[in-house]
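For reference, the structures are reproduced in the following blocks.
Look at the two complexes coming up: chain A is in both, with chain B in one and chain C in the other.
Showing the complex of A and B:
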């Protein structure tokens, strides 16, 4: 159980496993950002747990997948990152504006910059094909 | 008037879009070997897909979440991933079968070998998935797929002994030359052909893309409740004509080119041309649906942006997966593997994989957190639970029957 009463998005006590983990995160325009691959918890002054941030990407999902596959997921992700000690994508709990069947955040997907693979595929694959910016 | 037109269009495309390569091949094969003694399985399968599609359509409309969002939310990353790989694998196998089916349909019309058509078909398919609007894609192939009504017309024109056909329907057992194991194996195959999982992935993802809300549930139900049973009748009419023409002659359907022969006998060249047009539309439409479903499944599982309503560059990973799937499917078909054999395996593996996605949907359809007032009523739950048992039994029986009958020999 985790509780966060001082944030607009987390008004009630809830079961993080059932209501938060693996949910879709949508940005302020309703576009998909990522999944809640893991969460960062803090212990509050009164000893109860609160959600500090949503963690996204293979760096967060790998350890939760567990086993050899989980380790490999994380190891490959580390190799592909330029930084010395890469950290999983992080969305501060303060940005969460509400939860229903998805988790809504107040930033836009572009601002959050959690979609490294998306940008890579866009730049090197999809944008090179004619008609890539043609919507329905 | 406009609303009425939209509803009618939805029902018509549901009918025309119901039949795919799995239904074509399996119904024709079963008709030629078992007559209509397995017709009850088609009925059971059609009711099953209605139950499954109605639930997932309602979940999509009320919660805005498509199938693989829910699979991951309910099963977690580890079991969810195993589920994703299995379900996506079956959908991909079906995708290969559909592309092969389109190529075979063109081979029948042109006498140019299907392997040569595969790259052409795949290129056309990919351009459609990349560029053509979702509504066009859904409506065009669904409506042209209605050409398969020619099988029902052919049945009427063949003027069979209706009492004899009815006697086959009411005696659900294998004929003199067939065993109970092969009868059961083809029951599983027919069930898998009617209840192919990708139909539900596509249906619920389409609903999310079109922003269905609670007020669209009524229209969605009309499409499902009217369109699917009528589509099932098309499947049955294919089994019926092969039962009339091939069963007495002791000829077993082994290739797609045999399937339209009864139509040619009954209605001549024009009938044959219409049947081939129907084959083309049904398989091409289903190839679009399965190709997109491979992308939908993965994108929904990992939380990527997906779909046909945004420009490809806004859903880059999704389109990369669809493109990769198309390329690999071509590579598989260029090994000259027989698309009909791929189809036979794909329907059995569909039956095997069904519980994986059915259970999470059944659970969520009962969760007031997602569904509010629109949770399953007692009737939907009774049917949903009965079908869960049926689906699990069929799934467990699939592989042993495949081994015992050596794939239906």
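Showing the complex of A and C:
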């Protein structure tokens, strides 16, 4: 990976759709992890809504997309998940180290164990196609 | 500032959690029941650290709309025709500071506000 010359920081303000949603998340080594499919807010004791986490994968994208496509996305994702009540991939907001054109986090992709859409499609769709193991 | 403008939709222990997508596209109603528009953007401010950012206010438009491709920002240059069209489409944006949010119905996708003000910062259309 090329050495970074300018470190990502935090903006004074974020417009959630413009600056965060659908942005690529990069791990501490600069490797792609997932996209920001939704943002979890938590109600603080003072009633303010604070950013708690970035949500990733079909479990987050489906409800956000809405409509029939969104319902199907979530339904298929739930069907293929082994857990009874699967939750979308979640990156705690405290792990975010800064933003530029991407969102940077301090953990590695392996540590995050996320279920990003691309990773999910590869695991449950592409890898199950006969001959997929020859792709490498 | 409202004490608790939220209606819980997900409670984990003592913590109530929501998704920002549930706010985007919500109808914005004034106290008299008249419709002010739809939430087109959620503005966050605070720090340091993303976990310290809070919802500072809501950008409200007359219709549900997606990204404005950055053309609503002054520093974005581009074909003047595209910029002009985006400005035309978004000429009616307004802003609701958090202090003016009186209630959020997360399941019904409705935000009740005391007032809607002009959008006066860099996102305003000039």
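For this structure, a couple of remarks:
Everything below uses one rule, namely that the second predicted complex is superposed on the first by the 100 of 136 C-alpha atoms of A that agree within 3 Å, B and C clash if a C-alpha of one lies under 4 Å from a C-alpha of the other, contacts with A are read in each partner's own complex, and residues count from 1 in each chain.
Assume a contact is a pair of C-beta atoms (placed from the backbone, for glycine too) under 8 Å apart; a residue touches a chain by one contact, two chains touch by 3 or more.
Values in this document were obtained by computation on a predicted structure and should not be read as measured data.
In the superposition on chain A, A:32 makes contact with chain B only, not with chain C. Using the contact criterion defined above for the overlaid structures, shared-chain residue A:127 touches chain B, although it does not reach chain C. Once chain A of one complex is fitted onto chain A of the other, the partner contacts of A:64 extend to both chain B and chain C. Once the two structures are superposed, chain B and chain C can be ranked by residues of chain A touched, with B on top.
Once chain A of one complex is fitted onto chain A of the other, the partner contacts of A:16 are limited to chain C, with no touch recorded for chain B.
Of the two partner chains, chain C is the only one touched by A:52; chain B is not.
Legend: residue contacts after superposition of the two complexes on their common chain; A:101 is shown touching chain B, with no touch to chain C. Put simply, chain A uses residues 21, 64 to touch chain B in one complex and chain C in the other. By the touch criterion given at the top, residues 63-65, 69, 72-73, 76-78, 80-81, 130-131, 133-134, 302-306, 308-314, 316-317, 319-320, 323, 369-370 of chain B touch chain A in their complex. On the chain A side of its complex with chain B, the touching residues are 19, 21-25, 31-35, 37, 56, 61, 64-67, 69-70, 100-102, 109, 115, 117-119, 121-122, 125-127, 129, 131-136. Against chain C, in their complex, chain A makes its touches with residues 10, 12-18, 21, 38-44, 46-52, 55, 60, 63-64, 92-94, 96.
Put simply, chain C touches chain A in their complex at residues 1-6, 8, 15-21, 23-24, 40-56, 59, 66-68, 70, 98, 123.
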